[in-house]
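There are two complexes below, and they share subunit A, which is joined by subunit B in the first and by subunit C in the second.
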Partner chain A sequence: MTKVFTDGLSFALPLLIMAVGAIYSEKSGVTNLAIEGFQGFGAFIGALIAVLLMPVMGNGSQAVIYIAMAGAALGGGVYACLHALLCINFKANQVISGVVINILSVALTAFFTSSANTAISGTSSNKLILGVSTRFSVPGLSDIPYAGGLFKNMYPFEIIIIALVLFFSYLMYKTRFGMMLRACGENPQAVDAAGGDVEKTRWIAVIISGALSGIGGICFAYSLLANFSPSIYLGYGYLAIAAMIFGNWNIGTTAIVCLIFGFAKSGGYQLCIAMGLPSNYSDLFLMLPYVLTMLLLIFFSKKNHPPKAAGEAWDKGKR
Partner chain B sequence: MSEYIVEMRRITKRFPGIVANDDVSIGIRRGEVYALLGENGAGKSTLMSMLFGMYEPDAGEILIDGEKVVFHSSNDAAARNIGMVHQHFKLVDNYTIAENIVLGIEPMTRKFGIFPCVDIKKANEEIAELSKRYGLEVNPLDRIEDVPVSVRQRVEILKMLYRKAEIMIFDEPTAVLTPQEIDFLLGIIDGLRRDGKTIILITHKMEEIKRIADRCAILRHGRLIDVRNVADTSIQEMANMMVGRQVNMSQAKDEPVFRDEVLKVEHMTVKNEHHFDVVSDVSFSVRGGEIFAIAGVSGNGQTEIADAIAGLIKIAEGRIVLSGREITALPVRERAEAGISYIPEDRQGTGVVMDFTLRDNLALREYYKEPFSGKGILHFEAFEKYADELISKYDIRSAEESKTIMRSMSGGNQQKAIVGREIEEHAKLIIFVQPTRGLDIGAIENIHRHILAERERGAAILLISLELDEIMALADTIGVIYSGQLLKIAPASSLTSHDVGRYMMGVKEA
Partner chain C sequence: MKTKRHILSSRLDGKYASVWVSVLAVVLTLITSGIILLLMGKNPLTAFYSFLQGCGLAPKANYGGGSGMLSDLSDFLNYLAPMLLASLAFIVGFKAGLFNIGIAGQMLLSGFAATVIVGYNRSLPAGLAKPLVAVIGIAVGGAAGALVGFLKYRFNIHEVVSTIMINYIISYLTGFFINNHFVDMLTRTSRICSPESRLTLTGVQIAGVNCKVPFGIVIALIMAFAVQFIFERTSFGFELKAVGRNIKCAKYIGIGVGKSLVLSMTFSGVLAGLAGVTYYLGYTNTIIPKTLVGMGYDSISVALLGNASPVGSIFAAFIVSIFQQGANYMSSIAGVAKEIASLITGILLLYASCGTYMKMKAHSVILRDASREEQRKEEET
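Up next is the complex of A and B:
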């Protein structure tokens, strides 16, 4: 049972940071299906930096992980510029741009990974092997029965993600920038009339979206895979988008949805083990989050209010 | 100090294929209400958009307080204390009134002494105070999506006041208001003038100019025709200058000759997709030779009444009878053939196929019949002949005659095409929904003439309009709709526009 909490949380938090990224982009009025590509590309840059640094800083160095996270944020943010450029400046169809960016990301990172491996080690492997992240338990809290699992065997990145989510909630809901950003996604004309810069705000939002997705990606690379390889494209970017939709584009509710997804996944896995089923059944249980997604879609999609102007390029001349 | 607070000298602005402003010079005095009068496309909005920094003029200069200025954006204009209430409000629907007003210049506070936060409490207090001071009652905590248009307009005015605007531009501010709301707005504008503000009013309604403006500039086809003192100019003179010829302000309307009952609607209820009654228990009848007009504020169920009678939406309860034959369950085409013509509200969405030619659009009601087709094959010569006939009869103007793509035509000519097509059916009942919305005075005159001619012919006419002036000018009988119910049905001669306005607000006893 404690394992359900421990694993659930370590899955839910990277998912949440990606979903927050998606919320930023969509709340500013740019539909974002490119989270999957952002997280993959960000994770690649982070992993590449880690692989390059590990010989210098020592294999067991935990500092590498933090530098890799910063690198992933940077990589995701830079890659997101492509989406911003297409959607905001060239007024391309935002859905198509998102899909293209996802496909491009898979191809680019696969190519760069094998190139990088050839350059570093002479083998054209499609994996960048990462170190292992240490884990820690919060003293006291982790001894609580059951729920203590939430505080047991935590990755350090979980704390960073929680801090980032708090900061970005504050930025979204309490500051002048956040108010402008949300207004951009509802009625960009109003922002323009109030003297705001719609294009700049959207650019910043999309870059934030890429950076946060990149962080989510590198965290998955460390926690789930311990390497960077094409298996980073597991569809969790899309799951983050689903979480955003059920969360009604609100960071608080989206956090709850991510937790539910996380516990459904770890719970399903533990259930499979507890029932003593052969391991090939575990794949069946891993479907749980997706089945849950489909069921929730049926019930929640009607009541949702997506940002009104999301998906529409903003044209200053149009009145 | 210069005589003029705003001076625009020799302004020229071109858009592809059209000169929107051609060498226009105006000067506006401090503290006056200055009206800009002109038809659609005369260039009044373009001129003011340049003063508000949304466009830059191709030639000419703008002076504020005698000082030459160049505006690159509306921010630059706002910095010189210019504010504008746009025709389409620029508000964020799911923000509160206060949030909308302070957007971009929010009062700030620091949480724990470090984190800068928007001080929404202070904003609410400031807005409440401001709204009281200028008599613009709003509740700062209401969300825009929950308040009616008239309140939204107040929010836009408060937005200008909060931003300390001294020069206020109003773009067609009364187009969406009831007579009572117009009175209120004109009162507010008068108050702002007494407060020393300079007001520029863009409009095509002469009555308002007469009531509130000091001076009036008349624009036609992008050129300045004249600037007049309103006190010395009659409404008729203004109208003539605006259109460029003698205008009939009100069409001569003969006494009605009522014939047999054509349309009877009994206890009709229409539900929307949320199973909510948008039309509830409505009963009325229209006789041949009668114009039955439904007045009401937008969104009170009038469009649904029209759609239900034409067969575009199903009714939940009640009966619709056309000349003694029940048509409640008939599909659209059978109703049309039974004798209903329909000029819908959404002319571009429902009335025409925008990417078809004018010729094909004109044949939409007839294409499946002889002589337009036989044995499933279309006869385009017949289409051509019919189109040419209607184009000359209804004065439909376009670049390439019958081959013109609908989308490239002006709104007025699109509407003339629809009206022509529907009238040619010689139907027993013709439903007009917002027939003149967005059209200029020349096109309105044309369409009103056709409506009256059809009444003369003996057709029953159901006219649904948000323009009270139009209803008062044309109707024989008026039904006022409020919240899906017909509150009042009475002969037009027994009602004044203020009576109708009160019923439109839901007041049962006028």
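Up next is the complex of A and C:
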């Protein structure tokens, strides 16, 4: 039972940070289906830095992970500029742009991973081996029955993600910049009239979105997969978007939805083990988050209110 | 005085603007990927030529016994068929304003159903098995597409999110059944389907070399012209386009929007289903469990490069297929990882999606030049 909480949390938090990224972009008025591509590209840059640094700093050095996370945020942010350029400056269809970004990301990372492997180690593998991050337990709190699982065997990045989420929800709901960002997604004309710069605000929002997604991606690479390979494109970026939709574009509610996803996934897996089913059946349980997403979408999609101006290129002359 | 810039702009603003945008996208892609190849220390011209050689469009230096340029070409056509069908599937949805990202999943599901129902049934004669495979592809693909359209219309679920979720569900579900019931212990893929059910004849001797005869390419070309006809000449096609252009206007003039959404996704699914059976029971004869084919995404590049026109996509599918099908041979000749094929396709997609911007820019250049010309004339008089 405690394992359900432990694994659930370590799945839910990277998902949440990606969802926060998606919220930032959409609240500023740029529809963002490119989260999947951002997280993959960010994770690739982070993993590449980690692989290059590991021989220098010694294998198993934990500092590498933090540098990789910073690299992933940077990589995701830079890659997000492409989405911003297409959507904001070129006024391309934002859904097409998102899909293009995702496809290009898969192609870029797959190609450069095998090229980098050939250059570094001479083998033509499509994986950058990272290993799994170390874990720690919070003394005292982890001894609580059942719920103690939340504090047991935590990855260090979980703490960083919680801090980042708190900071970015403060930025969005309590500061002048956050208010302007939200206004850009509802009524950009009003922002323009009030002297704000709509395009600049949207650029910043999309870059934040890319950076946060990149962090989410490298966390998955360091926990679930223990490597970077094209198999990082598991559709979790889309799960984050789905979480954002149920969460009604609100960071607090989205956090709850992410936790539900996380616990459903780990709960299903533990159930599979507890029932003593052969390992072949784990495929059926891996399906659970996607099925749950579909069901939740069916029940909650009608009621929500997306930002009004999301999906439209901003036209200064429009009334 | 006409500058180069002016000529390019007038091409991009004229009657055949869409064609010129696609040509420009291809040229820019070749330049960009050429630069990437140069940076890696490879000769881009050799690499591009070996793509053509790998597809049987240019002669290779030497051939193995029993094979020749014609056998490579037949392989290429065998690959082109599902690619064209898949891009038609995307176009049909796209015209109605829907992004069918689930083509790969719909292909997998229909291919799986046809393999299990017909492919493993050894008693069926070829004359019965082949049409049955196509019918199953149409039915299963259509049903999968209709579900997405229904979810969009009834529950307002964005089709990009729902198709991705359904992709993963299909991938795990079919993977589970293949691994438990239909797996070939040696290759870890599904057991091969019977030659009677396969939509491609293999080992046919033409001009002294081993060739494949893909029926899929005939189906694909017929479907391309059929889709063109439906959108240009029928009221059904007009209604779909109207919904895609402006959903409120379509509702106002009395088009059943819900019906149109579901029908266009069904039609899209039908084409994806056909692509699935021509891929899994034609191009290959087995299914790799839990793997979605990249063709589902490549078809989006094809559709956008072909300017969402069915006949245009024949040319676009041809170009994209050259990169995908020729990649293995190129990799062996030029020593570049074969993943570069997907990278080139991705860059192509990127430029193709900037088409609107290119046209807009060209239009503004022409307007500006025209106003300058006028000003000059005024100053003269």
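We take it that the second predicted complex is superposed on the first by the 318 of 319 C-alpha atoms of A that agree within 3 Å, B and C clash if a C-alpha of one lies under 4 Å from a C-alpha of the other, contacts with A are read in each partner's own complex, and residues count from 1 in each chain.
Just so it is clear, a contact is a pair of C-beta atoms (placed from the backbone, for glycine too) under 8 Å apart; a residue touches a chain by one contact, two chains touch by 3 or more.
Note that the structure is predicted; figures quoted are calculated from it, not measured.
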Using the superposition on subunit A, decide if subunit B and subunit C clash or fit. fit
In the superposed arrangement, does A:193 touch subunit B (first), subunit C (second), both or neither? first
First (subunit B), second (subunit C), both or neither touched by A:245: second
Quick one: is A:179 in contact with subunit B, with subunit C, with both, or with neither? Answer first, second, both or neither. first
Quick check for you: in the superposed arrangement, does A:108 touch first (subunit B), second (subunit C), both or neither? second
Of the partners subunit B and subunit C, which touch A:305 in the superposed model: first, second, both, neither? first
Let me test your reading of the model: by the given contact rule, A:99 touches which partner, first (subunit B), second (subunit C), both or neither? second
State whether A:86 touches subunit B only (first), subunit C only (second), both chains, or neither. second
Please name the chain, subunit B or subunit C, that touches the greater number of residues in subunit A. C
Using the superposition on chain A described above, determine whether A:256 touches subunit B (first), subunit C (second), both, or neither. neither
Regarding the shared-chain residue A:290, is it in contact with subunit B (first), subunit C (second), both, or neither? second
Per-pair minimum CA distance [subunit C against subunit B, superposed on A] in Å: 5
Across the two complexes, what residues of subunit A are contacted by subunit B and by subunit C? none
Contacting residues of subunit B [partner subunit A, same complex]: 73-75, 78, 84, 86, 88, 90-95, 99-100, 103-106, 108, 111, 115-118, 159
Partner subunit B, residues of subunit A touching it in the complex: 170, 174-176, 179-180, 182-183, 186-187, 189-196, 305, 308, 319
Which residues of subunit A touch subunit C in their complex? 33, 82, 86, 90-93, 95-100, 103-104, 106-108, 110-111, 114-115, 118, 124, 126, 234-235, 238, 241-242, 245, 280-281, 283-284, 286-287, 290-291, 293-294, 297-298, 301-302
Under the stated contact criterion, what part of subunit C meets subunit A in this complex? 40, 99, 101, 151, 155-158, 160-162, 164-169, 172-173, 175-176, 179-180, 290, 297, 300-301, 304, 337, 339-340, 342-343, 345-347, 349-350, 353-354, 356-357, 360
